[in-house]
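Once you've had a glance at the structure underneath, I'll fire off some questions.
Labels A, B, C, D, E and F are assigned to the chains in the order they are written; within every chain, residues are numbered from 1.
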């Protein structure tokens, strides 16, 4: 029965327009279709998504007592420090990737994917699972520290002379962060009344835009699928192993922080997801010698589809098991 | 009275924001305005329209018993084979266009225009005329075969050595087809619940987007109006002749298939419209020696405005006359 | 108490998502963030805003008896003739700018800013202040004459041989005018029923789009802030002086025309705003020797932020004082 | 196969001037051209938004004569008044007849 | 620092042909390339919408040998049938080894 | 009218580096530049989305001296670390004084 339950959850998730749009994009590329989004559309949709997530999160945050946020916020920061170290250990010492590539990949696993996050929000809303309003704030918090830790590791090992401060500034003023944090602050300051005036753009069509965006991500992912053969089974296997460990760790930590079932599910998604928005831009400049064939492939062609198609429903299922157990302790 | 009726229908159609936006675009170009849509906007809006048509069609199709669809679907395929042959005959033997240009134009007349289709849907919805839910599926079906038939004619006559299979693949994986068929499949699989989540993007603003798109098409058409003088009266006269024949044929076939008044009107629009989205891309590669000054001008500067401004209301009027007559047989 | 009232008004205006988005954009640039909107997005959003303003204005105008519109319409034209002359006098004779730069800046002050106008509409709607429906028509009327007057001044003083007619045609068929006037005509002709069909795109998300657009304007303004230092206090001081004079003049004229409080507020905004959409394009071609470092900086980095952040709420406050006084005369 | 020498004329100008320039250089006898949307900074400073219009780069392959007449035309009608720059480079092509009359 | 001579091959073609062309010139031994989206007018007239596809300019820095083989390839497989033009220019670079095998 | 020789320096680099590079070459004494957004493939592979940033091509007309100093600067500060390529070509212009000090 339990198995039937999981299959049912999975198939319902698979039938959502977002997941199907992603699959359509991958298939279109594999069929060598000439479908291609116009230049700038990817960027435009990303700006919309990040800003919309921020705005909505900010409004919700304005209803949250600060005290409720402290524990999960702290836990998020701690997870961001643990995950890249753990990931580096696995990739370098077990999977035998060299220092710079292992560090670059750790940066991606240590950061978070805003699109996977959006899809998990959509999943929860559609399934009627409630969650804490401050989740987008966690997304914002978890975007940067993992990258910094990974860069720190790379630097310690390689003794490079890179200007730490400049990288730090670039990371903290990166477009993703500006849009997310900016959106949250605007949401906080303008409150319900302000949000209502812009909600017909930033709230109602959000899922539709996400659907369109995932179609485009599918097209991009499809072009990376060829790389999977080149990087081989080693990258695939260890990526999924890392996702699994991070998910398990994340759900336990979230449950201990007293989050609701929905909150545990989303926190798990954050920990298990790999950034392909903030991290690649940073790594390209800070560790130019790392191979995008590894880090982009891992984040975009392995971890992202796994999470969107299989991971998200599983993590929410996991949360329904873990929540009562930890709550009973 | 009947004449007054038609004039009233026409003037009401002319007063729709979509038609007026198209006219505005044409006028702006003729006034040599510097109004120009940014690069990529045309493509972005087209992607939206095709995907939205597909999605909505798919959901409606999910409520249609397959059996109801078989007859009109078959009729659509047959029309797609008849129209290009007939068109080629008229253009080559009567209008004396050479083989390659006659074939290229036949491909355009034999395929369908998704924008004209959208406008006819909008027209029907605004006028409160009901139609069958599977119409977008017919649109998808009718996009490709006409082009193939026309290419086949060209090849038989010219004995070219073009790789048939490659052209076939390119046509079937063309971006228009992927978006339409992909949209239909996603609509079918995700059903009402899935559609509802994305409807605030793909349903509510559809007519507004169509309006903006038609403004842009008007700008493009305006730039083609100059070509009308070059190609001369011959192209204009024969294009309208072909549209008339295809419309008459289409409405009869639709009525015999037992479609409703709305269904007859839309089927007629499909037959009478000329593609300027799927066909030009295909012809450019498959028949590079054909002159876009003919086929694009015919499809975009003659047939499209005629259908949008005059044709659509007329075809629906026609349907109200034909439907009872055939039904009474 | 009165002062507290003004502060309250200001702070409420400052907390709107639009104003905050603008501020976010400026801050992001000052922090040297890599946030940048994709090419074409600025243009796309501008097209949307102008066309949407026009459409809505046209529909409202269709409910206005022409007679009600004559007086304010005439007043608008007169203001457009007075403002650039006055501005030129101040800039050339008091502020000692040379002829060509003073004339170029006068063109900008003499024209109007559609974005500031939109923000004032949004402000009034949010605050529940009613206004006359023909306001967007005034915006359209006031776009061009000021530029022409300023060019006339420049030509008289410099005896250039520029082709008057060509400049005139370019101004009257400029994309801003086409979209505004075209939108108004379409709104007028298609009426309430037509508007309803496109309202989910052009009405509901308007404020959200404005918010996104202001974020982008903020990014652009931020890049101009550096120029403020170069142009110095002289430009800043005289720009604000001119804004103040124009606002005062505008509100008096509007009150004498018998406009409502809301109407006075918006008319004042029109007079006090400086164009950075229609005027720069015209000046670039007609007065290529003028320095964009002056006119763009004045319009975009001084007048626009002043109006959006401080001006608009003040002008509406002013209107509530002036309206009863003039009405009592 | 034999590569033959030809000239490539490159013009960078305000977007708003592009139609006028193309009309003018067509009169000089070009057989085709390619346009790229670019941004630039020169004496006139940068543009800030795409509404104002950016720059275009117009490139055309021509024989030496036509190249000279284009440069002459630009010098006469644009260089003094407008933000326009142009340069000529030597290239090699196949099918010379495609590009020069 | 010593600048060494090299060839820049520029190809202008329909967007829809770009993947095919890149595959072909990779076989000629290029080590990299740069693509620009452009619009053009030639014998085939202008394109009107970006849905039909615009043109691309493909540029690649190569040694003289590879340049010749690319031009040969294009002449054989494209020039007769398709809207494709190409030209070669002489440039100077540092690090010659980065661009030619 | 007399065409005079000049150098065109073309730099292709990550979008994210463009501001830094422009600052650097301004110090070499350029009087203007033109930027094109391009995509590329080289040793570092292709980019996949425009969020990561694409490449830019920076072009500047300069005299030979400045050209050399730009190439030197790039060799010192970028070539080893970053995806940056650059090449110099010979062109001819009118109004030499507009481009070189």
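By definition in this document, contacts are C-beta pairs under 8 Å (C-beta built on N, C-alpha and C of every residue); 3 or more make two chains touch, one makes a residue touch a chain.
Everything numeric here is computed off the predicted structure, so don't read it as measured data.
Colleague: Please name the chain that ends up farthest from chain B once chain centres are defined by their CA atoms averaged.
Modeller: F
Colleague: Considering B-D alongside C-D, which chain pair is linked by more C-beta pairs in contact?
Modeller: Output for the comparison: C-D.
Colleague: I'd like the Å distance between the centres of chain C and chain F, where a centre is the mean of that chain's Cα atoms.
Modeller: 39
Colleague: Would you mind pulling out the distance in Å between where the CA atoms of chain B average out and where those of chain F do?
Modeller: 47
Colleague: In whole angstrom, how far does the Cα centroid of chain D sit from the Cα centroid of chain F?
Modeller: Using C-alpha averages as centres, the distance is 20 Å.
Colleague: Spell out, as numbers or ranges, the residues of chain E touching 2 or more other chains.
Modeller: Within chain E, the residues that touch at least two other chains are 16, 36-37, 50, 53, 89-90.
Colleague: Residues touching two or more other chains, restricted to chain B: which are they?
Modeller: Each of 34, 38-41, 43, 175, 204-205, 281 in chain B touches at least two other chains.
Colleague: Inside the complex, what are the residues of chain B that reach chain E?
Modeller: Residues of chain B touching chain E: 39-40, 42-43, 46, 175, 220, 223-224, 277, 280-281, 284-285, 288, 291-293, 296, 300.
Colleague: Under the stated contact criterion, what part of chain C meets chain A in this complex?
Modeller: Its residues touching chain A are 15-17, 20-21, 24, 27-28, 31-41, 122, 126, 204-205, 207-209, 211-212, 215.
Colleague: Within their complex, state which residues of chain D touch chain B.
Modeller: My answer: residues 16, 37, 50, 53.
Colleague: Inside the complex, what are the residues of chain A that reach chain C?
Modeller: Going through chain A, the ones touching chain C are 39-41, 43-44, 47-48, 51, 55, 169-170, 173-175, 178-179, 182, 185-186, 189-191, 193-195, 197-202, 204-205, 281.
Colleague: Under the stated contact criterion, what part of chain F meets chain E in this complex?
Modeller: Residues in contact with chain E: 10, 12, 36-43, 55, 57, 68, 71-72, 74-75, 79, 85-90.
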